[in-house]
């Protein structure tokens, strides 16, 4: 079977992953409306392609928080990569480095941060943080992350409690006994995530700031009001995200929310997006609407499930080729030429 | 089979109820457009969830007409509960009391009001009234209801005649011989409902008022004009309802009608809603748009069909858990924090 | 099988009519978009039902051009009723008279006008006219019609040529040899309809007026411009029609066109509508939007196919019962209470 | 099987062409959204048909760039006609001449330009040009085309690189060994098209202009901005086209883009359109929205696949008959009577 587009990797993963793992990765909250809307919303955006610009030399490099990446697609934080591939997050880290892009490692990694760093020294990595009820544990983790050379701290804001994912409830989803959430010292009750702190507020950004010099990126923002609050609380970046539709169902698709967040932010911090990216043209749309970079979640897992590090590289390379081609066909030779004039929202 | 969400109870009821009973409960008028729209209209509303509010302590209690209930979901009046479970309305009353919420008993109960009260003493109950051609019969009923400690009188306004429910016509639906509409003395011709009075007008609210000190709630209002009339005629509450889509087909979905009713009422009386509630997030949407409480009809019957009192409690508990979780994920820790800012109507 | 709604008659006709006859009656032009839109457009209109009006006495009688009919539904002109039932238009005439409504007999009747009149003396009838290339033939027909006591002349304006109905082309549709278009003296080439005159213009209304004292109703108007022209040329009535979607495909649904025609006409002549009526509530919608009466085409043929005169009466009686019930549930006790306030166009 | 409408030819071609050829002709970029939208967008346009105009004499002739054609439908440039029929472009040329319309021969013809001209001397032909990396090769081709009597030069603007057509990638599409892109001297690497020049800009129009006195028509324009640039750079015509949805997916449907292009051009040059034409009524819509002529791509190939020259004539004749009938039913007797008043965009 030829792997031509990301859907091919999805089909492969659905076919070959254990059902409980596939279901966990695929899960959306409640009726999965938002999960699916993330994808459908891209289809409602139309390009306005321009012709006869010189696109013989294409430059798709960009920078996020000052670090250059080979193209504006990074790896979103997702948990439990060993469910997809035995080497888990080590493979993810290697693939991201090989493609010269950014990997956001999750709190729920099944490899330690140290293993990840050793596997792909020198790679550009951020760390995704859930704040623990035991604040000392989170403090330790942050300091460990900074010491290991991670270059950004991504605070997830949309998980005071875990969303209701019906299939996971039906399956009684739990990590297999031989896998562990290795970065948290205490026995960690994954199925309940009861160690997360639902009392976190905007003031905790100041607390985080006091712990580390790393830039803080807040993930899970969907409204102009929260975007404004994020800027005021001094974050360096915002990831527009609805957690892949796994938390509150029937919130906005991220590409729809991006528009109001970008408007509110007015360039004061970088804005990124995840959720629903399935083609290079989706990346182009997100950038046209103001995202500096996109992050892929499930497609990265499908790549891992296919062939580990190599499979994830395949996924990234396809996205890269498609993105470059979309840019050229829309009449842009470099990232700086991408702008809102390239797109319009379909009335349908 | 795990009972994870309300659809599971629906599937159970469809599988195990006699077809004639399932069809009667499921029936909508004509092409069932409004019945289905009640559900679809919720899906067109998007949340605007807010992040990083302290939701560690959740308070979902509320009050309707001064009485506290454990969460803003009550039991709508539906007929013939013995079709779903042998103990009929007695089980319903027990489940509502156990969950500390309000049960609106129907004129078409298959248990007497006295049996209902004995089954669950102290429960918060309202009574739903159809006005009889024989006004004396209605007067007696109202006075009996008040004496029994019911705390509200719900006048159904949308049934001058019974809607055309095609499946009921095809099935020749009638109550089985061993069931009775026990609260009406005369032999009651259910299939025709010919004893109901189609000449009832707004002035009859004054007549009702003269009979009882109970608060009067009018059920079946769908327009701003009727909402204004209801307020002027001195009702204490309005239930926005289209009778579950069983009366005039192709009227508005209740959640759409709620918006104009709430606007017209301007807080002068409490506004409730029924129809189409299938998830805790639907409850949150209704409250965000101004409802004080929602009432569930068919889902309560599915709960009864599953396991009587216990099954209905399961249904209520799932809705309660989902509602609490939706609130938290939207950034609200108490009912008073819910408001219109939480939602927007999708353009699709 | 119980005949509960008009769809039941449709299913019966589809099952029992010869395929070539079913296909002919069902046919729409090209892709049948307009044929189907006629029905779908009704579903996009929502009622705004009003409650607590006295609907104990319902009056659904109305008048068209001064003649009283029992309810505002007549029989639209359709051809070749013998394809549906051996007695053809004689049965149609009898059913219309029995239900005290108006029957518009078609130029393409398979019974003579005299047979129709003898079959149901005293019935209210209009005659539908195609203008012949041989004007003398049309003149004769008009004078014969007037002499026979028909009370209106319906000029079809939308058939300068016959629409392309793919199934009829594939089937090579022609009348069976034992049926004839009896009202035209010459051998009439049905498959080509080559005797119709595509040079007819608005001025021919004056010519028709010179031939007869009958009121002239023009059928096939879909725009405000043509409605204005019709009024200026002195017609007495307009039937908003797209020929059941059999002529120009992808024109407007008739219920959508009705709005602009009624606006343009400003009450100067009566406006009627055909196309897409399948339920009593559709009739109510058409009246709410300004139609004085609706006419049914295919449903009348299904009724004939079911049981001839008796079957057509069944169809009319169901529509009448549904219409009366819809009115009552919307809060109207008589035709004069129906108005635009009862409906709104859905945004979907 | 009767060939009644263009879909019949599509079904035939799908059934009888080799899969690799069918897939190549049918292919759209990525998810084929734009390919399909080209068709769907026509269905969202409604006619506003006018009645009672004399349509007994129909005149559907028109002129493009001064040359008369029998009706406003020409043959769009598509590659590799030998994949559809052994005689390839020779048959196409003959059919176009027989129907007295314009054929735009593609750079990717499988017959030489000389063969095409010999096959149908005197036919109205334009030549479609891709600009070669080797400009001398393109210059030679242009001069050869002019010498051979072609009457227009169509510059394709939307193919700096080839779009990603998933099926072609999966199939490993290449021309069979016995077919050749005969008009390019060098061995031509079809699968990569690597000889095309992605550095072409608007200034190259001036270069082309310096090479030939032929009118230059630019193909692939989708925005008002590019339409304005095209006019300013002195082209004689614009073909609104998205390359049949084979280049950038999720751009606008051509009929939607036509509106803004026509507005921008304000009559200064002729505007044509291709993509999605499947019925005569589509042609009428395109003309009503300002196109001077439409061009058909895939339907021409289906006609060839059916019966070569004869099959393509069948396709053209059906379109011609349907177009004439649509005009008449909409109330237009000649091309000059077609205007924007005939159509409206559906809100759905």
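Before moving on, here are some points about what is shown:
Here the chain labels run A, B, C and D in written order, and each chain numbers its own residues starting at 1.
To be clear about the criterion, contacts are C-beta pairs under 8 Å (C-beta built on N, C-alpha and C of every residue); 3 or more make two chains touch, one makes a residue touch a chain.
Please read these numbers as outputs of a predicted model, since none were measured by experiment.
Separation of chain A from chain C in touch steps, taking the shortest path, is 2.
For the pair chain A and chain B, the fraction of shared interface numbers is less than half, so the two copies use mostly different residues to meet. For the copy pair chain B and chain C, the superposing rotation over Cα atoms measures out at 90 degrees to the nearest 5.
Chain geometry summary: the mean Cα position of chain C and that of chain D are 42 Å apart.
Centres computed as Cα averages put chain B at a distance of 60 Å from chain D.
Residue positions of chain C with contacts to 2 or more other chains are absent. If each chain is drawn as a node and touching chains are joined, the picture is one closed loop, every chain linked to exactly two others. All chain pairs that touch, listed by label, are A-B, A-D, B-C, C-D. Contact residues of chain D toward chain A in the complex are 30-31, 33, 157-158, 160-161, 163-164, 166, 169-170, 197-202, 204, 218, 220-223, 225-226, 229, 247-252.
Of all the residues in chain B, the ones that touch chain A in their complex are 2, 4-5, 43, 45-56, 279, 281, 321-322, 325-326, 328-330.
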